[in-house]
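In the two complexes below, chain A is the common chain; its partner is chain B in one and chain C in the other.
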Partner chain A sequence: MTRTRKPGVSRRATLAMMGAGALTFASPWLARAQAKTIKIGMPTILSGRVAQLGTSSRNAVMLEIEKVNAAGGLAGRQIEMVIRDSKGQPQEAARVARELVNTDGCEILIDAEASSGAFAVHEVARDLGVLCLHTNSETSALSADPKQHIPNAFRTARQGVHDSIVGGSYAAAIAKAKGLKKWATCSPDYAYGRDTTGEFVTYLKRFAPDIEIISESWPKLFQPDYTEVVTKILQAKPQALYSCLWGGDLTSYIDQANIYALFSQMEVFAVNMADYTALTVVKNLPKGIHSGNRYIKTYPATPENAAWGDAYKAKYNEYPTNWSWENATAIMLLAEASKKANSADGKKIAEAMRGLKIKSPFGADGTVTMRAEDQTLVGYAIGWGTTIPQEPYVPQVQAGDWKTIFELEAEWKKSKGYT
Partner chain B sequence: MDLDALTGCLASSACLVTQTTSGFIIGMLLFLVAVGLTLIFGVLKVVNFSHGAFYMFGAYFAMTAYQLSGSFALAMLCGAAGTAILGLIFERVFMSRVYGADVLMQLLVCYAFVLIFDDVVRMIWGPEFKSMGMPAAFQVAPLFIAGGVVPPYYLLLIGVALAAAMILGLGLARTRIGKVIRAAAHNPGMVSALGINTGLIYGGVFALGGMLAGLAGALAAPVRSLTPGMGFSVLIESFIVTVIGGMGSILGALIGALLIGLIRSFGSLGFPLFTEGLMYLFMVIVLVSRPTGLFGKEVA
Partner chain C sequence: MTELQADQGAQALEIPHAQAKTQRNRDALIALAVFVVLALLPTVFSSKLLLDFVIRCAAYGLFATSLNLLVGYTGLISFGHGMFFGLGAYGFGLMMQKTGVPVPVAFIATLVITFVVALVIGAICVRLKEIYFAFVTLAFQMLIHSTILSWVSLTGGDQGLRGGIPRPPFLGIDLSNQLHLYVASCALLVIGLYLMHRIAQSPFGYTLRMIRDNAMRASFIGIDVWRAKLTIFVLAALFASTGGIIMALFVSGAYPEFAYWTISGEGIFINMLGGVTTFLGPMVGTVLLLILNDTVTRLTEYHGLVLGIVILFFAIGLRKGLMDFVVEWYAQRRNNAGERG
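Right, the complex of A and B next:
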């Protein structure tokens, strides 16, 4: 005779139900314990060609979070980071951001996306009203365009228009000294590349009006081969070349342009060259490429900055990137604003953050400010110099002048109809 | 659109030489990847969507070999041989199981391996982009041919790719193994009945295809940045090449790849904002006028 299971509730099911019941009753206590910690969600790019930058963003955030947590967290609440990969796709970044808030219960977002994804995350922040810090997008419109303005979103990154003003005046001085009149541009074909190049050319021409752009190339982002672009520029025979290619695209471009001896035929201005990711990867770095500072531990030449760069290197065994300092700044600002507001509430932190000036290793004068009117970072170290193929890579950086930047930025905003 | 630049270039020998070689470089690397794809399809009747991974592995193998030994020739050899072995293992262990299966099943297996291979590269070499660097022997000034600029390294690259194309074409047409491969492509059942090990042929063809893609990766390593996922963009262009040239045709792959290369190099002068679009447009025209591709045979 086989034993059949009797109808009704089995012993095992009863036990399971009792267990579930016990958990339900216990969970208010659990929930209260969890509320002590505050979750911060962070979509970033952890795979694909930009993964290194995403990883360096995560590293910098974790480095700073450790310090904040050791000092008591955000208004007494320990921070727990929830970091997800967006694979660099805007729709994925938006989905991850939404999920982080709605499903994971994150109360603050660190948007460590490139510009393509940042605008998507920005819409999520607009929709959900959650405090959001854009840490990597340098497209000026994100904060300058009043249509994009929302009270809960801030940018702790540098801004394309600032770079262009400083780069334009630096390049114009060299153009005048060396008589460089014919220029070519070569930049990636997306929002950041188009905007930044346009702004650079505007300021270059403003400071040196007799300059002429004789050739433009717009390779697509992450294109594997630039040979056709390199040869096109060689045909045009410009005296100088501007490019805002970055990361692996820039190193590919340099390798491919090098064998055409392009760098010996024109002055090259590559705003994104002086970042350790590119500097340490290129094997035959041509001497004398003009570049804006991205992150370099020798500029600003302060003990604080050198110490921060070394601490990062000691922990992760590589140098920080441009994205690293921008993310670290986000955490530093969050901690200070929360201290000032004496709260971990997003709205109160946002209130405290507007106009907040903090001490920073990355400041031009040892401080950076979250400008109240458009909620974007100003006062960070910004300058241009020429590269050499070994450390310190950019031995002398000419600092940009923030007074000029502010004047021209205001003018630029007016011309765009933003103010 | 900038037709002046294009006509101006066509009128000057310097520009013609520079842009034509630039088109050949792009085309030749593309050919090496596409010919493997087309060969595998011709014989095994599977579309190997994971083919880009072999290009990627070729580049990484070459870089590592170059860093360890400092020899460029050895780096090329390691890139090609490493991917050949990898191709053989991949075919015998995984692909051979899905030959009779649904196309969707084959696609799924290949796509799974695109992701797996990318992650393997990430685990071994790390997520950041790498650069192999140009060997000292090729760090020389470019040559000037009729006023056009031609880097010596690219002459080598074109030469190696052309040699591979010729060996492959002659090998398939003239040698006994070539005949067996062609027979296996035509009627595998009959070949098998004649006592020939078709499994070995299949594995061999897959290894050969992988090797060619690996060689392309190794040749590209000194000038392109290496990153997990680098095979993907190359794969898409290779598909365009095989569609234009005709699936299964080696000559088609060669002509298709060179056409794509020339479209890119001259298109970037005349239609700087529509270079990518031109490639697809050309593909559409070929598909409409000759659905089997330029050199494809009618499917019986």
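Right, the complex of A and C next:
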């Protein structure tokens, strides 16, 4: 016997579909009905090659949000984070950011996107006028270029040009002391790699004019095999090598260069070395690699910073990354600005945040400042040191001088036609 | 071929011109009706999510449907169709940023650029068959992508076109207003789909199907296969470029990801999802993929897993796109009903 059934969609299916449809369109209003709490939206990269950094951004934010909420929230309103994956695609980052504001009712955005994604979210912030804190993009133009400037967007991350100035002056001092004249560079072949290397070399030559670049290598981003690059550098016989490879690329490079004993033949300056994601992954970390600090709990060597690093480690069972402190700073600034404005309103917080100086475990002198003129973070701990194979990995970090940074940064801005 | 089918074929050839004209009018009426419904949607639902969703559907829908003109109608499996999406976005964005011409001028100029580029690339590619065609289109895509990445002074490299795309109002249309952009995107989508449907239903469209099924026979009866393939390659590129322009307006920028192979991959995936044997298959696929993407990303960060399972379901389970499945199921039901009657 066959079951008889009327053709067409059954009543039950129709009801189910209508219900699902109603829920889809009603969910934003249901969400908005639970007022009082304030929602902060955060698009970030939780899948793909840099997922580890996105996750560490989320971890740091949640760590700080707990503290802020325990202390009463933003002007009495408890914070609820809505964190969503953008897959590292700018069009997804823009879509997610719009969705977070328009549909989920987020009143503030933490833009934890890298590179092009940050610029895409910046346009959303420009369009919607929502308060937006860029936490991961280190591209100087994001805040330095006046065309980018909007009153509601801030950056709480380090900046490429600051790194280059400090790195250049540090490396030049060592070059002079040790007589390093012949240099080679090896950096990933995309805008970040090219720009950062170019700026580093500019400042290196400025402080030590008799330096010569005898070899340049531009391996592809995410290249698995560096044999060719390593042998090319060895053949050129430079006295020093600069690299801004990062993450997995840097660790594979070091592992492969170790086989050729590259590190005993020249001084190596790798700006992105002193980050736990690289330090703890390299198999045999060579002694004496010069590196800029990304995040390391022993620099600044203060109890506050060590405590913050340990608290993070205790909670997530891994050390924070460069992106972690940048995201934590965003929440700290937000909380202080909201306190100062005595409001959770985006416009008032933005007003209070301009020029705001707060106590911070990541500050060069225990404080960081949101510079009013270009709404970007200054005064954070920035310095260079050399590695040892075990904890604390970079025992002594030589601090960069913020006075020099400001002078040269102003000059750089002028040369770019930004001021 | 059975006698019955041969009979039907003979009848099809005898369609008088008047009938073709009514068909065309009917298409135009449907297009107009769809546009009116879409344009009135915001008055019923005030959800901004819906506006964003439809704008993105317009961008991807035009892109995927134009890809289907190649894949489904002509049998040209292009792995590099995304380059025209990226070209549209960059062409339009740069034009607006650097020259400050009115929006319609930039729109037309972008299409002209796409036309020229597609003509050159197409002239080289369409001579090749199957996997060779697929790989050479992919190679051209990577060439364009690499050019965008390395020509930093013009394109901004991997940071993309920064500083927003200016859009001065024209004819009372202000594209920086979300509602205006929505209506404009709907108009472009509907006009694009209408034109593509006309192409698919024209004698030229049937020539393409013949080339797909048997290129040699087509050339024996006097069809210039290379020229037909090149024509559809260029036409498809123009629609893909229009999709790119909509996307550039939506994100107010252009990024190298728009010209990366993953966009082409998404286009192929949309076609698999919706089905390539019906005209509306890719449009259905677009809506389906975007709904899936948006809801799954909201719910879990393991969206890759969910989408992977969906692909497997369609590839191994259904072995065809959703629209193919629906059309077959509907035809079968009608047959059954006919037998019973």
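What we mean here is this: the second predicted complex is superposed on the first by the 386 of 419 C-alpha atoms of A that agree within 3 Å, B and C clash if a C-alpha of one lies under 4 Å from a C-alpha of the other, contacts with A are read in each partner's own complex, and residues count from 1 in each chain.
Basically, a residue touches a chain if its C-beta (ideal position, glycine included) is under 8 Å from a C-beta of that chain, and two chains touch if they have at least 3 such contacts.
Note that the structure is a prediction, hence the values are computed from the model and not measured.
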| item | value |
| --- | --- |
| Which superposed partner A:398 touches (first chain B, second chain C, both, neither) | neither |
| Which superposed partner A:37 touches (first chain B, second chain C, both, neither) | neither |
| Partner chain in contact with A:46 - chain B first, chain C second, else both or neither | both |
| Partner chain in contact with A:90 - chain B first, chain C second, else both or neither | second |
| Touching partner for A:232 - first (chain B), second (chain C), both, neither | first |
| Chain B versus chain C as contact partner of A:223, first or second or both or neither | first |
| Which of chain B and chain C A:202 touches, first, second, both or neither | neither |
| Which of chain B and chain C A:256 touches, first, second, both or neither | first |
| Overlapping contact positions on chain A, where the chain C interface meets the chain B interface | 46-47 |
| Complex contact set, residues of chain B against chain A | 9, 14-15, 18-19, 22-23, 25-26, 29, 118, 122, 127-134, 138-139, 141-142, 149, 151-154, 220, 222-225, 227-230, 233-234, 264-265, 267-269, 272-273, 275-276 |
| For the chain A and chain C complex, residues of the former touching the latter | 7, 24-25, 28, 46-47, 84-85, 87, 89-92, 94-96, 98-99, 102-103, 115-116, 119-120, 122-123, 126-127, 139, 141, 145, 147-148, 190-192, 194 |
| Chain A partner contacts - residues on chain C that touch it in the complex | 45, 47-50, 52, 56, 149, 152, 156-160, 162-164, 176, 247, 250-253, 255-258, 294-295, 297-298, 301, 303-304, 333, 337 |
| Chain A residues touching chain B - in the complex, by the definition given at the top | 46-49, 51-52, 55, 216-218, 220, 222-225, 227-232, 234-235, 247-249, 251-252, 255-256, 258-261, 277, 281-284 |
